[in-house]
Amino acid sequence: DFIYSLENDVKPTLGTSDDALDKFIDRGIISWGNTRELLERGHMFVKQAKSPETRNMLCLLLEGAPTAGTSALAAYLAKNSDFPFVKVITSREMVGYTESSKCLRINKIFDDAYRSELSCIFMNDLEQLMGYSPIGPRYQSLVLDALYSLLSSSPPKGRKLLVICTSKRRSVLEELGLLSMFTAVLRVPYIKEVEDVRMVLDESQAMTSSEVEAVCQHISHGDVFVGVKKLMGLLDTMRVMKGVDPQKRVAAFCNLLEDEGIYTPTV
Amino acid sequence: DFIYSLENDVKPTLGTSDDALDKFIDRGIISWGNTRELLERGHMFVKQAKSPETRNMLCLLLEGAPTAGTSALAAYLAKNSDFPFVKVITSREMVGYTESSKCLRINKIFDDAYRSELSCIFMNDLEQLMGYSPIGPRYQSLVLDALYSLLSSSPPKGRKLLVICTSKRRSVLEELGLLSMFTAVLRVPYIKEVEDVRMVLDESQAMTSSEVEAVCQHISHGDVFVGVKKLMGLLDTMRVMKGVDPQKRVAAFCNLLEDEGIYTPTV
Amino acid sequence: DFIYSLENDVKPTLGTSDDALDKFIDRGIISWGNTRELLERGHMFVKQAKSPETRNMLCLLLEGAPTAGTSALAAYLAKNSDFPFVKVITSREMVGYTESSKCLRINKIFDDAYRSELSCIFMNDLEQLMGYSPIGPRYQSLVLDALYSLLSSSPPKGRKLLVICTSKRRSVLEELGLLSMFTAVLRVPYIKEVEDVRMVLDESQAMTSSEVEAVCQHISHGDVFVGVKKLMGLLDTMRVMKGVDPQKRVAAFCNLLEDEGIYTPTV
Amino acid sequence: DFIYSLENDVKPTLGTSDDALDKFIDRGIISWGNTRELLERGHMFVKQAKSPETRNMLCLLLEGAPTAGTSALAAYLAKNSDFPFVKVITSREMVGYTESSKCLRINKIFDDAYRSELSCIFMNDLEQLMGYSPIGPRYQSLVLDALYSLLSSSPPKGRKLLVICTSKRRSVLEELGLLSMFTAVLRVPYIKEVEDVRMVLDESQAMTSSEVEAVCQHISHGDVFVGVKKLMGLLDTMRVMKGVDPQKRVAAFCNLLEDEGIYTPTV
Amino acid sequence: DFIYSLENDVKPTLGTSDDALDKFIDRGIISWGNTRELLERGHMFVKQAKSPETRNMLCLLLEGAPTAGTSALAAYLAKNSDFPFVKVITSREMVGYTESSKCLRINKIFDDAYRSELSCIFMNDLEQLMGYSPIGPRYQSLVLDALYSLLSSSPPKGRKLLVICTSKRRSVLEELGLLSMFTAVLRVPYIKEVEDVRMVLDESQAMTSSEVEAVCQHISHGDVFVGVKKLMGLLDTMRVMKGVDPQKRVAAFCNLLEDEGIYTPTV
Amino acid sequence: DFIYSLENDVKPTLGTSDDALDKFIDRGIISWGNTRELLERGHMFVKQAKSPETRNMLCLLLEGAPTAGTSALAAYLAKNSDFPFVKVITSREMVGYTESSKCLRINKIFDDAYRSELSCIFMNDLEQLMGYSPIGPRYQSLVLDALYSLLSSSPPKGRKLLVICTSKRRSVLEELGLLSMFTAVLRVPYIKEVEDVRMVLDESQAMTSSEVEAVCQHISHGDVFVGVKKLMGLLDTMRVMKGVDPQKRVAAFCNLLEDEGIYTPTV
């Protein structure tokens, strides 16, 4: 068994909380569609969490399908919360931990947060944190219990805590009874409009504007459905195809969109 | 594995039992609907537990749907029981404990209680204490056994013990055979009457009385169904919307009630 | 894991075996209905266990629904067995034990008993001892194995052992193959007759005889079905209602009987 | 966990192998029905196991319903095998052992046996040894594997080993693939004939011959089906009823036979 | 837990690999039916494994019903492979090992084999090695993984490894995906012809030739189906019946064949 | 339990990463059918992973049925990636590891990779790495979690990581939610054309060209379906049959193809 030493858990290579948050927003936030509105609503809750007149614990959940950009938006909110104490919890730092060690680690972060007057904890992908897997289904009961206990109990008097979480499996959280622990749940949508695709393509600067125009022209004859992260990933392939003839690049990209099931031409 | 040291289990940051109980009643008790009657019946059992003529063990269960206010009322009873020894057991303090450590901890609290002539133990959310989760379903057998053993055996001669528990899943306790361990079971209801909503809104002082009036006017055209904790939580959003125009605040709050499924207008 | 130290298992607070047995008979034995006959049959087996002409191992099971008074009667038999070595095994003393430690503890008690010429072991609630729970169902295989082995093997030559057990789930013991280990099985019934209720009410002295009369009068118009422990528990509520008007007390008690499903008036 | 120390496993209280075997035959062998024939067949295999011309490993199984007398007959064969090294394996000595410790213990006994030229190992109730229980069903895989490995591999050259086992659940052994490991399987039957009952009653000397006659007269009008151990157990009750009137004793015993489902009168 | 010390794993009592192989062939190889052909095909693969032009890893499986003689033939191939390094792996030496220790032990043998230029590993009863049991079904995943990894990865450059395995449950290996790891699979059949029975009877010299003749005469009127090991086992009974009248011996043996379901007369 | 010492994990016998990769390509790459094209597409992604303009993490999956040659092609890509840090992860080096140790080991390799500017990790047979087995089904949740966490989180700023994985069970990865972690998935096909068989036979030089011609002639009258590894394995049998008459060799090989279900003549 892996004995996790609480004293020596310095992981200098992983950097500060700010670095950790930045890693989720590595490509910035492109304000397509309702991104701005969503962030504003999120900010409202951050404000509510800070206010001395409200409950001293507020839990916010951002949930969306894979690659929707959920983690980036949640990290953005945490980063811009202006809370003096911000802490990031991801399953990445706890690879190989036993259930018990995982619980102790998460618990410690909450205990640390209780010591600060205003604290914010960012927990990415709750279902992954508790080792959820659909075959079985399986999950780590101890971690679920810990999350349940931590989200349902408030910090000591005079301390305020904001917890921002993300999830890709809202239905699982609901079934496990975790959803009702949140003060508010915000849904992060997929990109469906050609105009939103255009905005992402433009901003990412992987193509010339005439190429973007040609792509948008092409996909206007069907349905688009894609997460912002996925779309930006495909643009990387364009970046490598630099010297190539624009028409070929446009064709290649349109093919990619169709192959990956992102663009479906209407029959 | 986590070795829980019985000797060093001083958790000064969590404070005294009184603080722990207070945390559950952080917004006071608003005496809407049958709150008073419920507390009186509860107090009757507290009195019975104290009486030298009765059995030396009495177990009381308060059960209600999530956010019904179950924990606050149970904590209130424990706090006002005038028992010299009061101890609080919640899953929060046992995050990451192995089943065995959990049992030892709970057992120790009962053993401590046996040493005092009159003791009261408050256990919040029994099903959560035993790690119950509906997917499986799963629960910690050792903890269930411990609860079963502790609730079914009485303190030594000349000692009296009152155990007050809460639960959100009465049916689970029943299926596990725990329900029959209780001398009495009290149900904490949801708010259904407009007058009760008004009382909570008035007392919480998050809105002006004319705003309250407008809200009550609005919701009188349908059905209301909400736990007191949930209702008070929504009022926090109002608290942050301080400078806003009253009409907008009323509209915003009414929307919130409908969005959250608390208020359903009759068609 | 919990390492149970065999050397240090002195639990002075739990007292002697006699104290332990007395705790089960804290309200004495009221000889309603067939109580006396049942105890006589039990005593016959105690005598048989002692006789030098018989097998040197005899296992007796008392089984009844919850609150039937099973534990009190079994404890009474053990207490009055006049065996020089009497030992009590309950799940209460083994809260938090691992399966293995539980087995070792029970085993040790049997080994100790083997050293005495005449010994009696009282084991309360067998199914609880092995952590049985209906959801799953679950039970501790190691403990079941231990019970099976201990009940099926006899003490060394020249030693005689009487084992008295109780159970609330006869069918579970049967399914697990434990029932056939017993030389005899005695069933403890519920109270069904008004006359038996009267006897318990009279003897418990929680009501005046005219109150008892009024209650019996009332319930003679329907069916009664209750364990003696449950009935005596309800009388505790009467004890707290001392100053109250007799008529109200009678009404309150009759209501209680109906609410708890003990008395069903015939339509 | 329980660490079983191989060095210190001296259990002086359990005595020698001979004592252990004697405990199974505590009431001698009454030669009712085909007992003699069965023992002769068994002895044939003992002889075969000893012969230098045959395989150096022979496994014999005696199987019968509970109380059939299976263990006594198997122990009798082992005791009278005239093997210089005889070793007894029962679950009783391994209460609380982990699966692993159990395997090591059994393995050690086989290794010890390999050192002697002629050895006999007696294993009582195979299914109990591997913790079999019908709810689940459950069993200890490690122990099953160990038995499987030990029964299927022969001792080193020049060494001969006889293994005599008993079982109450032949079908379980079959399903687990253990049955085919045995060179021969002998079935121990229940008593079905009045004459066989008479022989057991006569030999056990718990009743006078006229009483025995009366009992046999009575049960000749129906069917009898009982294990010899069960029948002898019931006679113990007679032993305690010494001073009683013979007619009453006969009636009491006949009642007992009917109550326990041993004697069914033909309608 | 059992900590298997890799340093001290000298088991002098178990002897060398050659002894271990010999134990499987304790009664020699009688060349009935297609035995010779089967051994020749096996030898072909041994030759292929040795050849410097072929892959440096070859896995051969011999599979057959219980008592078919599978282990003896596989051991014979390994013994006569003329490989300088031969190692035997059976579950017998790993009784009581934890899954992990088992894996480490097997792994070590493979690592040792890698050090030799030409090595042969003999693994008996693969399904038993991984603790397979049909109730559940159960098996040890770690050991399955280990076998899978070891059989699928080849030795370092310049080293050649031949792995010869046996199995009684081909279908289980198939379902677990292990079957496709083998370069070739050879089936060991049961004896079906009277002539083959005669050859085994003759060679084993447990009966006179006229007795053999009589037996063969008798069984020619029906169907025979038996493993060579089983058949030779029954002859042991004949060996003990030495002084007996030949006719009785023949009758006894024919009865035995019928009782055990080996010989079925055609109706 | 097996405590894996991180400090001492030097396995000099297993050699360098390059050796490890070479072992997968021990028979070279024969460019039959679309092999070249597949490698080119793979190389494109290697290039993309290296480019400073793209995301700093790229995951590539090669998947194909058993013996399709998947591991060889993936290893080839990794070997020719020209990445300064290349590391190989296979289940072979982790035989007997506990889940936790496995995770720690894999985690460490990723952490090491993060320290280099450009790193490539090759993970063979993902489903085997997590101990997947279809009976149950079973898999190691901790390892799945680890893979999930490692594949979904990117290296620190300024570091680029390419992960190349293989799998034989694409559908399992899909069900477990791992498939969506990959930037691209390449399918490795089976050989279906006679011309492709010819190319493999020619290049492997196990037969003369006239023999190859004869074989191809023969199999042109039906369907061929085989992995390149399987086909090359069968040629080993030809290598041992060196002196034999060519016609016999051709016949033998054609038989082999049919026996193994590789060639099915059309009826």
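Order of writing sets the chain letters: A, B, C, D, E and F. Residues in each chain are counted from 1.
Heads up, the rule we're going with is that a contact is a pair of C-beta atoms (placed from the backbone, for glycine too) under 8 Å apart; a residue touches a chain by one contact, two chains touch by 3 or more.
On a predicted model such as this, the values are computed, not experimentally measured, just so you know.
Asks: List every chain that touches both chain D and chain F.
Replies: E
Asks: Taking the touch definition from the top, what connected groups remain once chain C is excluded?
Replies: one piece
Asks: Per the centroid of Cα atoms for each chain, what is the distance between chain D and chain E, given in Å?
Replies: So the centre of chain D lies 33 Å away from the centre of chain E.
Asks: Approximately how many whole Å separate the CA-defined centres of chain C and chain F?
Replies: Chain centres of chain C and chain F, defined by C-alpha means, are spaced 66 Å apart.
Asks: Could you grab the centroid distance between chain C and chain E? Build each centroid from C-alpha atoms only and quote it in angstrom.
Replies: Once rounded, the distance between the two centres reads 57 Å.
Asks: Please set out, as single numbers or ranges, the residues of chain B touching at least two other chains.
Replies: Chain B, residues with two or more chain partners: 1, 98.
Asks: Which order do the chains take around the ring when read from chain A towards chain B?
Replies: The chains follow each other as A, B, C, D, E, F, starting at chain A and passing chain B next.
Asks: Which bits of chain D are touching chain E when the two form their complex?
Replies: Touching chain E: residues 1, 44, 47-48, 51, 53-56, 98, 100-104, 106-107, 111, 114-115, 137, 139, 141-142, 144-146, 148-150, 152-154, 156-157, 175-177, 180, 183 of chain D.
Asks: Which part of chain C faces chain B closely enough to touch in the complex?
Replies: Residues 1-2, 13-15, 19, 22-23, 26, 66-67, 90-92, 94-96, 98, 125, 128, 131, 133-135, 138, 140, 233, 236-237, 239-240 of chain C touch chain B in their complex.
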